[in-house]
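Some structures are shown below for you to check.
The two complexes that follow have chain A in common; it is paired with chain B in the first and with chain C in the second.
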Partner chain A sequence: MPLLPPNVSATNFSQAVSQFRAVVGQEWVFTSDDDVALYKDAYSPFWGEKEEILVSAAVAPSTAEEVSQVVRIANTFKIPIYPISTGKNLGYGGSAPNLSGSVVLDLKRLNRIIEVDDKRHFAIVEPGVAYFDLYRHIQEKGLRVQADVPDPGWGSLIGNALDHGVGYGFGGFRDHFYSHCGMEVVLPNGDIVRTGMGALPGAKTWAEYHYGAGPYVDGLFSQGNFGVVTKMGFHLLPAPEAYLTGTVIVPKRNDIIPLVEGGNRLEHAGVIGMPEYGSPLGGFGGPPDPELRSILAKPGGASVAELEQHAETTNRGFFSLTVQFYGGEKVVRAQWEYAKEVFAGIRGVKFNEGDFIKFPATPEQLEKAHKVAIGVPNMSIFTIGARSAFNPSPTDGHLWFSPIIPKSGEAILEAQDVFMKVFRDMNMPSLVSPFSVPATWMFRAFVFIMGLPVYRNNIEQNKKTRELVKHLIQVGAEHGWGEYRTPPAFQQQVTDAYSYNNHALRRLHETLKDAMDPNGIISAGRYGIWPKQMRGQTKV
Partner chain B sequence: MWALIGALGVLSMNAVAADAGQIEQGKQVYQYWCWNCHGEGVGKPGTQALTAKYKGSKPAILDQRTDLTPAVTKIFVRKGVSIMPFFRKTEITDAQLDALAAYLAREHAKVQ
Partner chain C sequence: MSNRREFLQLTLAASALPALAARNEPIDPERLALNGPRVRVDDVIVESTSPMAIAFGNEATRFGLEVQGVTDDVTDLWYQHLSVRWNRGPAVVAGLTLSTTLFCLETLANDRGMRLWFRADHAALANGQAQHEVSGARRLVDRAAVFQRDWVCGFAGLLAALPPWQPEKSQSNFIDPFPDPVWAPGPMVSWIIAPRSAAQLPLV
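This part shows the complex of A and B:
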């Protein structure tokens, strides 16, 4: 017997499936075991356990009108549905819902690029459009515009933005929800609403001016369960004429403090794109350094003085900041000179000029470049987790732990100490070191992200990973650091921590949920917002 | 008799033409869905993984392989392997998967 949605009879489910088929066509409703298995989370931390989330069916409409009809049918039969865009939110839940038995509303077939304007710099797309698709469209049409892209290029612009996804380019463009403009949303009652200027029939600036008139509601549809987004506008970056990078290297551990202050000053004034902090002493996949390892392995750990001495004798420096400039060649070269002035006061600072590209990039430049920084979608991020000579026994996936910390050097040093202690307390190999730096995708905050392993055939290890994530979330919250995004398995705990004034924000969300979606059909449980009838009962 | 042979000949040519079309379609599916991980060049996680796995005993670039039967391709696409997830039918339809499998098996068929 196939899995049924909670509290839905086999007869009603069968009728609903028949009606779904009448709307979208026989071939776009999936109910066989093999087909619905494709809607599991490929990186589930519960793989093969009874808590693993399974779906009852999937429905794949191709237009907003079909979405509306499917939502109305789901309302009639009180069937929980869970919209996905391209379903590639790996590490944050993939294509699986929060609630087993949900019907996945697969929006991959809504794949139209509605408009791209390279004079006013915006695009309007549907949820099935991947970053690869928009990039290809822009290249084929020769448009002088660039979308900010996240790491894997197969993701949806809309799905990524709605989950508060981020990228690598210039300023606020990196925050993909922040840089969106205007939505078309199918509400839980099937009504199709357009937000901002889009509410004005014949509007000329739907994807350019956010607000229209009246309350701004777009935020409800991000990480939420108040509707199904079927179109969205995005602000785009004018394609730059040139790109230049430079690296600033500082010798002492505490130099991270003035380094970040300088980076903030440059970034918040619009001089640089994404700042990339690092440490010449350690980082992702770097070659092992036996001497450094022996220093770190000393009983009680290494002292700061020993680490700084090692940085000095190996002439590498302790921390680094790579700055990126976009614009005309004269401008980016002048900006690099100015940036060097900003950091000149740090004793012992060194500067290395990096890559320079005058667009269009040559194939050799493109091959060598950090592609996402220049708006070229690709899949190279997965080389970190894929099998390699350094990584002969890869995991089957990962979860992200993504706490937001302040954009300061002090916060980096504190986060290192706090999270290293978590690993020591749990007697686990630490993913954090005195050289760890945060990701800098957010424009006004850091995210001290860690990838934790998951396996398809190692339940014990998955349990350890889950316990570790829970502990990290708890410790982070105790220090005022909340996650910006998390897999469904941890959304309850993460949002429980946002508890100011006896969970006033949760209560507001629930009030809105009850008003907009009284049958609780859309994305039950997403980010801790459950339908009234399941509240307090369903905890993952 | 000659008419029958002629008819078979036409059928056979049609079959060959259909196969060529399917293989061409499969190549397009490969370039859209597979190449970004399994193609040539740096930053291709699939190619990196197969280089480490086979250590030169088989080509690391997927569409240079001569040992991929259609059944093998279909299992990997629908079940995933390691960090490669499985692909839904809204991404790669059964017909597209048949074409992809035919494309990746085109050299295998010749070897056989």
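This part shows the complex of A and C:
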């Protein structure tokens, strides 16, 4: 018996599918078991369990007009639909909806690059355009712009931005929703609306000026379920002439405080791109060496003095900050000299100059470079192994726990202590150490991100992981650290934590949802926003 | 343990193909013609850091197949080659790679109307034997049963004379009690990616 959407009869579903076929063509409606299986979350933390989200069908339109017709049909038959772009949101739900039985609205056939302007530095694209696609377009046309890219490069610009995805480049460009400008949206009633300057026929500034006139509604469509985005503009970085990195190394644990203060000052003033904090002793993604592991394994843990002593005797320093500069050669070299002055007051600080590239990069430079930092999409993230003390067996994927913490050294140290205690209390190998540092993808905050393993053949381990994540979410919320993004399995709990004034934000979302999507057909349950008729029920 | 030439001849006998020449000579794929059309394999991908995959790549080359190496990161293979090839239309690609490589390529292939039609996960067991967990189109899984004890040669031979298949699926689990010394531990997988519809299989 094929899976049906909830509260939809087989007859109505069959009629809806027939009408979908009439709109998009027979070959672009997928109902076979093999085809719908492709829309499972490849990194599902419920793989093989009854809670695993499954879809009933998928529909792949090729234009905004077809999307509008599909949405109207879904409304007629009250079919829950779940739009995806390229469906590559691995670690945050992939291509699977929040509600089992939904019909996936697969937008990858909307794959046109509408416009790229390298004098005013913007692009307008459809949801099926991946970072690889835009990069190829820019390279082939010789355009002097650079798109900010995430890891890996196969994702959709629109899909990534709408889930608040992030990259590695300069300033606000790497907050992909922040750097978007204007969108075209199919509303739940099938209406096609353009926001910002796009609402003014003939305006050429759709992808230049965000706001148009009147209330700014774009945010409703990010991590939301108020419409289907079919076009979006993005601000692009002018292609830099040169790129330079430098590393600042500090000897003591508490030096992270002035290190971050200096990094903030440089970044918020537009001097550096994404700051990359690390630890020569093994921070983000790096395991401690054997001698250090034995120090850490001592009963009661290691003291700060012991760790600092180890850092000194091994001449490695305790924390580091790699700074990145983009611009003319004279400018980046002067900026690096200025950056050294900013950090010079930290006792024992050391500086190492890193990569210098005068574009175009040579193949050797490109091979060595952190490609995403210079706008080159790639797949190398998949080469990073997932073996760790936490789980020595290879994994089938991961999910992310991504709490936002303040952009300060004090917050880093506090987060280390709090989360190390969580793992100790749960008697689990810790993913956090005294050298753990946050990711800096956000322009104006830190994310103290952790990757948890998922398996396709280990239900027990997946259950433990889910329990751990639930506990981490709770502990994070108790300290004012909410997640910026999370897989569907945890979206309800995460958004429950945003509870100011008796969940006033949730109530606002629900008011808007009821007005805009009374049948609740779009992305039911996304980030805790359920249709009225489903609130308070147990749902899969 | 029988030698590899004998195993390969058994494979060819089972598929009604003519006997091979000496193993160090290139093999004309036309001599491997089935009684009927064969599926054209456009590319064979091998993990360059795996002795097993390299040996397979050498065999595939001897069979006249186009072999591309990949070292874990599929970026260049995807961006420079496969994305261009697949944008022109469906094509059959096979390989012996790390499972992460297959995950990436399968996901990208699905976007372009192609599917994974054959998969064999290889593992070195603690007792020194080798295990192949095979799944996919029934006709291909049945063929794997014939060459299970000489995977490197047998899989290359299968690709060189790949029969068209129907959607019916099956799976099986084979044990090779005396695996070839080129085996190395690690999550290696053999696979075939081809158009979603059997009617779109490119035949020669």
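Methods note: the second predicted complex is superposed on the first by the 522 of 540 C-alpha atoms of A that agree within 3 Å, B and C clash if a C-alpha of one lies under 4 Å from a C-alpha of the other, contacts with A are read in each partner's own complex, and residues count from 1 in each chain.
Simple rule for what comes next: a contact is a pair of C-beta atoms (placed from the backbone, for glycine too) under 8 Å apart; a residue touches a chain by one contact, two chains touch by 3 or more.
These numbers come from a predicted model, not from an experiment.
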Clash or fit, chain B versus chain C on superposed chain A: clash
Touching partner for A:42 - first (chain B), second (chain C), both, neither: both
Contacts of A:7 with chain B and chain C, given as first, second, both or neither: neither
Touched chain A residues, chain B compared with chain C: B
Chain B versus chain C as contact partner of A:294, first or second or both or neither: neither
Contacts of A:132 with chain B and chain C, given as first, second, both or neither: both
Contacts of A:60 with chain B and chain C, given as first, second, both or neither: first
Contacts of A:378 with chain B and chain C, given as first, second, both or neither: both
Shared chain A surface residues [contacts with chain B and with chain C]: 34-35, 38, 42, 86, 88, 108, 132, 153-154, 378-380, 382-383, 394
Sites on chain A touched by chain B in the complex: 28, 30, 34-35, 37-39, 42-43, 58, 60, 86-88, 90, 94-95, 106, 108-109, 128, 132, 153-154, 367-368, 371, 378-380, 382-383, 385-389, 391-392, 394-398
Touch list for chain C against partner chain A, complex: 72-75, 78-79, 83, 100-101, 103-104, 107-108, 110-111, 115, 167, 187, 196
Chain C-facing residues of chain A, complex: 34-35, 38, 42, 86, 88, 108, 132, 136, 152-154, 378-380, 382-383, 394
Chain B - residues contacting chain A, complex: 32, 36-37, 41-46, 48-49, 51-53, 78, 80, 82-83, 85-91
